Amino acid sequence: MTGILQFFWDNKDLIFIIILSVYLGIEVISHVPAVLHTPLMSGSNAIHGVVIIGAIIVMGHAESTLSLILGFLAVILGTLNVVGGFVVTDRMLEMFKKKKK
Amino acid sequence: METFTIQNSILELSYLGASVLFILGLKKLSHPTTARAGNLWAAGGMTAAILFTILFHEKEGASIGNIPWILAALAIGSFLGWYASVKVKMTAMPQMVSIFNGMGGACAALISLMEFPHLQTELALAGDSHMFTGPAVAILLGLMIGSVSFAGSMIAFLKLDGRIGDIKHPILRIVNLTFLVVLLIALVIIMLIQPVSGNNWPIYLFALAALIYGVTFVMPIGGADMPVVISLLNSFTGVAAAMGGFLYDNQAMLTGGILVGSSGTILTILMCNAMNRSLLNVIIGAFGGASGSGAEAADKTVKEISLSDSAVLLSYSQKVYIVPGYGLAVAQAQHLCHDLDNLLTDKGVEVKYAIHPVAGRMPGHMNVLLAEADVPYEKLVEMEDANNEMGNTDVVVVIGANDVVNPAAEDDPTSPIYGMPIIKALDARNIIVIKRSMAAGYAAIPNNLFYHAKNRMLFGDAKAVLQKLVAEIKSL
Amino acid sequence: METFTIQNSILELSYLGASVLFILGLKKLSHPTTARAGNLWAAGGMTAAILFTILFHEKEGASIGNIPWILAALAIGSFLGWYASVKVKMTAMPQMVSIFNGMGGACAALISLMEFPHLQTELALAGDSHMFTGPAVAILLGLMIGSVSFAGSMIAFLKLDGRIGDIKHPILRIVNLTFLVVLLIALVIIMLIQPVSGNNWPIYLFALAALIYGVTFVMPIGGADMPVVISLLNSFTGVAAAMGGFLYDNQAMLTGGILVGSSGTILTILMCNAMNRSLLNVIIGAFGGASGSGAEAADKTVKEISLSDSAVLLSYSQKVYIVPGYGLAVAQAQHLCHDLDNLLTDKGVEVKYAIHPVAGRMPGHMNVLLAEADVPYEKLVEMEDANNEMGNTDVVVVIGANDVVNPAAEDDPTSPIYGMPIIKALDARNIIVIKRSMAAGYAAIPNNLFYHAKNRMLFGDAKAVLQKLVAEIKSL
Amino acid sequence: MTGILQFFWDNKDLIFIIILSVYLGIEVISHVPAVLHTPLMSGSNAIHGVVIIGAIIVMGHAESTLSLILGFLAVILGTLNVVGGFVVTDRMLEMFKKKKK
């Protein structure tokens, strides 16, 4: 119990930010029309590509060749996620461009 | 926790900016008129976060090294990602999204694999006797979720691309559950081992188990449900990215990941709702099966219509609605459909398309399909508006659609699709249904529309039938 | 920053819970079916935050003292607040809200007044040569915004209660702006003085100036615009509360205040939008004035209808729509209106009320007014639905409404209310308008409906006219 | 400039929480129908009564009689805001109880 309270105390701002973000994520997309489901999925797919920052950090501080190689791979994969995601979403949305609601 | 330097502060500021752009981007992405701008905003946030990380990130005073290599990796990834997205056929988009999602998952898993030994040495130096710490939880969860997401996405891709079929067996469900339990137990065990045990095999085994779980999780789910699964795996990857955010105390990764995690989950649920199903129902892979009214079919008779009669009926109509469905996409008959449309329009017939939101196998499938065949947007009418016009429509031509015009959704409370909105073809004066047989559609239930007095069947592959129909009309 | 103790942690947890309850409460408050529950959720969060503060708050190791006094104050405040809210007439609600808002502002200002000397001693002990610190900013802003909100709310209350009129003079606008500038300069000056200057007069003067500014800010704004002003002052008080949150590093105060600050601002804008006006337009206090079509009125003739003819027309109708407006509230004729309704219903006439969202002088004014007269909810029809039924309505009786039935909103692009949705009385077969004269309504523009061939005027005070009309119908 | 960056650095979590809360406040009520404007105003009016916590803290640590008296007053005012606000809102909403949307 004390452990949990201590953990909460140490991370209270972070926990609050997470709660707010979770709720905001829900609120923000809750009125999306069905026809945008696929582009929205694809766009948010690109956003989680932000994990690439972790890959860059690992690579930027890599000490062994092995971690340099793995990091290199990770950065490529992350970039694929980011760039591919945004470009594909843009292409999809181009299809809807004249649709007004 | 780093201490204050101007660089650190600028970096944090850029992360804050990126987070805000992600939020605004998501918001805009969910409105038709602003969706494209929203995508750009999110991309802008991402670019800023990446750029500022390279320029300003510091770890124990050391700034980012290996910059040429990093730039090379970024260039290669960008080129491949861009090339793949530009070349992919519109109708293969879901596969593409699935692959990209898998890449993100793999990236998260790789990061965890690399950070684990670092954490081991760190904790060993500090003299800890086990690995039960916050960072260890973040690393292991990131590894697990990332791997599941990677493996699952690959299976989803293969299924959508038609390279593997469904493997449905009740035993898979048990295998599945067992693996999940084993994974969670392994997670706890790894955290209890001593930091520097010398060899890393437990974590490799753990990663392997997670990969296998990803496969067995997606394997039994029907290929048609892949869009929903991809959305779910997408939100998994979001959570994996957020774990990275914990690990590096990185605001952009944290917010980006959490946002995708929560909005992805809601999106998955919304997608299920649009098909009148629950998420559990999709994952367990059971649609209603035979509905109560299945038996009735035997007594009823189906009336066919000849090609020439169809041609005459259509040519002398005032207003025709085409209801496209999954079969049109399978037959790749969208261009012929547009030809038919042009032909009739030239004859003074008013032709429009009634678009059901879940026609096909992914949301927006019909929009994308018909856009590919250059059908003008003005002709695509949304379900509600189309239904309002059905009353004064002469002929409704249903091409490869089934569930989306099934009146059971309105009048049979025992039907699994009861309550789903449908296109009310019955309100029109005549109905022609083009499909190959009396077989059921995605929901695997019979369709009483086909037996209705107003309805005529025109059996055959959509492409073949449309080809002949177009020729017939031309020769009138 | 306090250090970890179990008490502190529990307190923070309760604040987190309260913040979440505030958010969910606000969310629920904005949906008709869940609004009441939302109010309770928010109240629950508030109770928890207060309770846990009394139980667990610590400052430099000392827990909350003077508990009997605190409880006494809470009891007195609760009793007064409860009593006032239960006794107040429904139609006087906005006044009440304004008073309560003012109390919150005053509370924030008092806190600042008390914390200022504390901060002074603290900074003097630390040897600071000026007060330019974060806490000082929070205290001064809290004092200023709280005082403005208090004084402004009191003026808004007095105006709504009809105890003071509008004082409009161009010079007030200049006085206003001057005061604002002086306040901001004073804020900076106070922060530059030495912590312990001995006397506190600068801050008292500052508070006084803020109070005066609050008065001059609200004074020139039209009494009818008070609901909008109250909403604006409400969001001000939210910001003042958030300043307290900064000062005490208190999560509940911070989130609660910020939420109210931002949602209150949006609500203010939404209220203005519903009336087709901008916030600036409300504050400066200028509605369009004479519109282009004002001159036309002279040539046109107005047809009156006698009481007996009205009685006959209404009694032999099938379907009657009553359009209530501000005049009905002024005349306090809601009960008579209900009598008329009952009488006609007994004769087999179908009577309903068409409710315009901004009829009256506060959102929901008509709902509250008619509910007070026990008109059943089913009879109150929202604007869009009512408009759909206008086509088969025999008589529309407009009682003390004007702008909300002004066809200029639809057909005169030069009119200041052009674009505002209206109740389409013109679609009905007959129209009877009950008002005292040809005078304009809130927007101060002429209404062509009154000159329409279909329309008949029944001049007089709503209460007097309805009384006679009811008597007439009874005697038929 | 450094001052601002330092301030941002010291309060970054807080600033982020504020930004999220502002946005959430906007999102959460942006679909409110006109008829609920008054109850919503009244309900959020009650919420900012949370300032009473500050008054309780001041009173709980008051040293002089003057601050005790002023604190007493502040707590009463704050309670008025809170209790009055919630009760009035509840009464208003009772009026709408049979209204469905």
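As written, the chains take the letters A, B, C and D, and residue 1 is the first residue of each chain.
The rule is short, and it goes like this: a contact is a pair of C-beta atoms (placed from the backbone, for glycine too) under 8 Å apart; a residue touches a chain by one contact, two chains touch by 3 or more.
Given the structure is predicted, the values throughout are model-derived calculations rather than measurements.
Taking the mean of the CA coordinates per chain, how far is chain A from chain D in Å?
33
For chain B versus chain D, what separation do you get between their C-alpha means, in angstrom?
Centre separation, chain B to chain D: 41 Å.
From the mean C-alpha coordinate of chain A to that of chain B, what's the distance rounded to whole Å?
Using C-alpha averages as centres, the distance is 16 Å.
Mark out which residues of chain C touch at least two other chains, giving numbers and ranges.
Residues 23, 27 of chain C each touch two or more of the other chains.
For chain D, what residues touch not just one other chain but two or more?
In chain D, residues 14, 16-17, 21, 23-24, 27-28, 31 touch at least two other chains, as defined above.
Assign the assembly's chain-to-chain touch graph to one of these shapes: line, ring, star, complete, other.
Shape = other; not a path, cycle, star or full graph.
Which chains touch which?
A-B, A-C, A-D, B-D, C-D
Chain C touches which residues of chain D in the complex?
7, 14, 17-18, 21-26, 28-62, 67-68, 70-101
In their complex, what parts of chain B are in touch with chain D?
Interface residues on chain B, with respect to chain D: 4, 6, 8-10, 12-13, 16, 19-20, 23, 27, 251.
With touch defined as at the start, can you tell me which chain A residues reach chain C in the complex?
Contacts found on chain A: 2, 5-6, 8-10, 12, 15-16, 19, 23, 27.
Going by the contact rule at the top, pick out the chain A residues touching chain D in the complex.
Interface residues on chain A, with respect to chain D: 13-14, 16-17, 20-21, 23-24, 27-28, 31.
Report the residues of chain B in contact with chain A in the complex, numbered from low to high.
Within the complex, chain B contacts chain A at residues 18, 22-23, 25-27, 29-33, 35-36, 38-40, 42-43, 46, 49-50, 53-54, 57, 59, 62-67, 69-70, 72-74, 76-78, 80-82, 84-86, 88, 90, 93-94, 96-97, 99-101, 103-104, 106-108, 110-111, 113-115, 134, 227, 230-231, 234, 237-238, 240-242, 244, 247-248, 250, 252-264, 266-267, 270-271, 274, 355, 357-358, 362-365, 367-368, 371, 377-378, 380, 382.
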